[in-house]
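Letters A, B, C and D name the chains as they come in the text, with residue numbers starting at 1 for each one.
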Amino acid sequence: MSYVQIDRLSKRFKETTVLNQVSLSIEKGELITLLGPSGCGKSTLLRCIAGLTEVEDGGKIVVGDTNITQLAPKAREVGMVFQSYALFPNMNVYGNICFGLKMKGVKKEEYKERVERIIDLVDLRGRENSYPHQLSGGQQQRVALARSLVVEPKILLLDEPLSALDAKIRKSLQTEIRRIQQELSITTVFVTHDQEEALTVSDRIFVMDHGNIVQIGTPKEIYAHPASEFVARFIGNYNVLKRAEMVQLVGEIVMAGDAFAIRPEVISLVPRGNEASAQSKNGWSVESVVRSMTLKGNVIRYEVETNHQKMQVDVLNTSDNHWIRVGTPVFMRIPAEECIPLQ
Amino acid sequence: MSYVQIDRLSKRFKETTVLNQVSLSIEKGELITLLGPSGCGKSTLLRCIAGLTEVEDGGKIVVGDTNITQLAPKAREVGMVFQSYALFPNMNVYGNICFGLKMKGVKKEEYKERVERIIDLVDLRGRENSYPHQLSGGQQQRVALARSLVVEPKILLLDEPLSALDAKIRKSLQTEIRRIQQELSITTVFVTHDQEEALTVSDRIFVMDHGNIVQIGTPKEIYAHPASEFVARFIGNYNVLKRAEMVQLVGEIVMAGDAFAIRPEVISLVPRGNEASAQSKNGWSVESVVRSMTLKGNVIRYEVETNHQKMQVDVLNTSDNHWIRVGTPVFMRIPAEECIPLQ
Amino acid sequence: MKPNKVFHASLITIVMIYLFIPLVATFLYSISTDWYRTILPEGYTLSWYKELFTDPRFLDAMQRTLFVCFLAICISVTVMVPTIFIVTVYFSRWERTLQGLVMLPYAIPGVVAAVGLIKLYSSGPIVLSGSIWILIGAYFVIVLPYMYQGIRNSMRTIDAIKLVEAAELLGASRMQAFWKVIFPNILTGIIVSTLLSFSTLFGEFVLANLLVGGHYETMQIYLIRRMSESGHLTSAIVVTYFILLFALSGIVMRLGKSSSKEGSR
Amino acid sequence: MKPNKVFHASLITIVMIYLFIPLVATFLYSISTDWYRTILPEGYTLSWYKELFTDPRFLDAMQRTLFVCFLAICISVTVMVPTIFIVTVYFSRWERTLQGLVMLPYAIPGVVAAVGLIKLYSSGPIVLSGSIWILIGAYFVIVLPYMYQGIRNSMRTIDAIKLVEAAELLGASRMQAFWKVIFPNILTGIIVSTLLSFSTLFGEFVLANLLVGGHYETMQIYLIRRMSESGHLTSAIVVTYFILLFALSGIVMRLGKSSSKEGSR
């Protein structure tokens, strides 16, 4: 049996169904993300696990061997990090971190060492006496993380912890959260609307839409095999083609499916006059012309036009690929095994 | 002479120097971004151009043939879009868009067609009678854009227009802003802290740090040839090596430079036992082992360890690359021409 | 969450009852014929109201009060709205100073203010004592804090600075920015402040009595003078006052809501 | 930006002068020997202050006022802080109701309230009329709006709901969450509200006079009774009052600042 079991959780606010009979299970030590657009119910689900939002009758939340559905938040042994940090302004970093231990009645001699270890873990050595308003956003969120971790909760809940931070700091904290989570191997639920963040940090991703979980899988599975157009568009920059469009593009096809999703990075561009190599493996080659290019950083995104369609193609930003310019006529090579049929 | 000329602009708030003798010029029809971490002075520079912040004596701002340094904001003919949208809550979409025209005394018969065109351009057809609080964040920002554009300003100023929006909407609005800007070929200054955003939308990027412009160039130039460690780390995910570290990694080198920056995507990974191909072009091959992998979406990021260093390597997420796993021994191929010496 | 609920609910109920009992009692008293040593009145009548509305002295007093309050509030709105607008948007350094000054009347008890004013204007070079102008001047000062807080909060809620910047960049002059963009959005705030001020002034007795009491009978003075005569009558006045105030608030709030679509407060 | 600056600055200056003149005049009057038909007083003396501080009636009145105000405010803090906390954090649906109720005293003029209270407690089943308890009860109601607004704003500023959630998840009980996390952070807000309330009550005359005036001489009543005797003396009282109030505020604010590091308000 899984470590966390959630069974048919529902929540309605007035007329709106926010959670619709959601069931899921999480293994011990795993980091899962709840990923979805705003309003999909992901934060509400997290608050239900924490006990901050009451669930409707029939729902059940089990952690370890304990049914915590009816327990008060303080009895659930969950840690939570909020988007707004929610640090206690009247306490310094040390005071914030010790708060949970004091509340649990742990003696000062006992917790001292543990607090020191966690301060090192979140890299806040030297800031112990600072007050929250003296810290940057990133540092405040580290304090919030340390404060939740030091009491050794059974589950750690992260509610869009990085949304309020700058792009650069966000990325470095993603890595750090993942490192700390693995070091402590603590069961973690991470809520985010940023698909790149979800791919980077998760063991498994739960994609949510309108109060339902629409797909579950490892980042690799979700990214490479989206189950629906919604997931395909949300998780990556997929080219989604209707069956008729697909037929127009590559000719008759044998695969079943009403629509097909093709990731932009699996398509390769081959110079014209090189048809031999373009025809090689199992797949199609389509005559086309490069219409625009956008530098994304490590990747260059091309918009490539055939007679019928516009397709997006991602290639690595290396000097090998710099022959591809706007206006260059190319063959677009689409491997057959990377065309994912959607319902 | 350039369309916009800014000459030795300084601004001090009490003790802090926010802008330090900044000079720059912008061509007509160009979109430039001011890119930098929070507090680097980019927003202040924008506000100085708009006339919302007074500049210190000696600074000069010329647009076209007009010195606007001493003009009131309303006389400068600049359009500005704020992060917080700043729509007028008492007016509907149509009223917000017409406001500028009414203020300029344009007759209703004259502006009617222009307003209709701009509503189509920003894709708000059908929402003309909605009030700001009835719109999503993305829609509100479109209204703000339309409102600024309809008066045909000489420059359009965008102050982190997308920072308050979700990742998905942010990306689609980036594309749209760029499309609209090119369609109207309006001179635009875009302020952002997100390097990917800057790379995506700009003709040229001005990287700022502590009130100074530290590098100017096209996205390609800035990304591929950062002038300093600060830019290298800010613009991409560069591996930055000190000269000694570089020597440790690849042996003696002839290039000058105290430090070297290598982008993760120019390094390629070759299976061991394939030394022939690994040695081919001008560059180095280093024996190493894959230590971790992170799926970023279209790219997989590996951390690869040699005897001395850890390096990050980005490869495209295609089935061709799926042989690389954690623990796989590889050759890391570093092309010599992609090692950028830094001061 | 359940066990505490009873305690919480009862605490809140007690507070509400404490606040409501005097109101209900006053109402009952105003329509009762007699009410001694019984839980509820012995009989009900509307005669107290009839007596009140046919008393010319009452109607005169009402008129005078309305005139003085109306004038003082008009002046206050005319002066404070532009002042707060200018200080908020263009002179934000001065904001703390203005706030400090404007909050002073909170700290000055009415009695104390009256003493100051009478001494100043009855024995100094300018003699205004006894005229209603000194009363209006004092009322202007008294309502400053209400005006300031209401208007200032509305401006903050709509982020007036950004809106003015946006309007100016679109070619509006400062006057246009104020009238077209700021004013419609703070109207509700102004109306609420006005009502609050009105209610405060309407009940102000000390200044009215000390400054002009002898020769200008306002509502408050009338009320206290009649109190010893009949408790039922004064209760009727109190109830009338409340009904008026609620009706007025209701109408004005609805007007404000439909004319401007915003969420100040 | 320059041409308008003069206009703006002068407008603001006028407002400030208007607010300050009575204060300065009162001060001058309290230390002057004689002041008729001259711009400045003819001579200066401290004798008014000496007379004041040696008058036992003044000291008694001061004591009584402090006692009544202190008690009313203590009750108010004790009742309102937990009530607002509970409603804000746990019963947010009730917030609008509580706000409406608590703001009522703003809408009830003191005169009107007094009438209601006297009628209720002097003729109904419970007779409290004339005792100071009815005055304290009325004062409790009067200060409700100040207490409510100050405390509520402080809670909003620190985002009390999130802080309580964080504290509870860390194992704190509701009481602990309140005492360890919320209370230290709203202390400044409570102190400011208390001072404001104190100043309001200190100057309240109508209720004091109508409810207990005959047999319990408070500061306000003393002040008005002495006014006809000597304007200089009353000016001295006013100045004393101000100095006391400012000193008190200063001390309390500094204490609040050093004991809790937050930015409520």
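Here is the rule we use: a contact is a pair of C-beta atoms (placed from the backbone, for glycine too) under 8 Å apart; a residue touches a chain by one contact, two chains touch by 3 or more.
Remember, predicted model here, so these are calculated numbers, not experimental data.
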Inset, instruction - Just tell me the minimum hop count from subunit A to subunit D, counting one hop per pair of touching chains. - result: 1
Inset, instruction - For the chain pair with the highest number of C-beta contact pairs, give its two chain identifiers. - result: C-D
Legend entry - Euclidean distance of C-alpha centroids - subunit B vs subunit D, Å: 54
Inset, instruction - Averaging only over C-alpha atoms, locate the centres of subunit A and subunit C and give their separation in whole Å. - result: 54
Inset, instruction - Could you put a whole-Å number on the gap between the CA centroids of subunit A and subunit B? - result: 24
Inset, instruction - Please list all residues of subunit B that touch 2 or more other chains. - result: 72
Inset, instruction - Two or more other chains in contact with one residue: find those residues in subunit C. - result: 1
Inset, instruction - Indicate which of the five shapes (line, ring, star, complete, other) describes how the chains touch one another. - result: ring
Inset, instruction - Could you run through all the chain pairs that touch each other? - result: A-B, A-D, B-C, C-D
Inset, instruction - Please give the residue numbers of subunit A that touch subunit D in the complex, ascending. - result: 50, 52, 72-74, 76, 78-80, 82, 84, 86-90, 99-100, 103-104, 131, 133, 144, 147-148, 151
Legend entry - subunit D to subunit C touching residues, read off their complex: 1, 4, 8, 11-12, 15-16, 18-23, 25-26, 29, 35-39, 79, 82-83, 86-87, 90-91, 94, 97-98, 101-102, 104, 106-113, 115-120, 123-125, 141, 144, 174, 196, 199-200, 202-206, 210, 220, 223-224, 227, 231, 234-235, 237-238, 241-242, 245
Legend entry - Residue ranges of subunit A in contact with subunit B within the complex: 37-38, 166-168, 193-196, 199-200, 219-220, 223-224, 234-237, 263-266, 294-299, 314-319, 335, 337-338
Inset, instruction - Would you pull the subunit D residues touching subunit A in the complex into a rising list? - result: 158-159, 162-163, 165-173, 176, 180-181, 184-185, 260-263
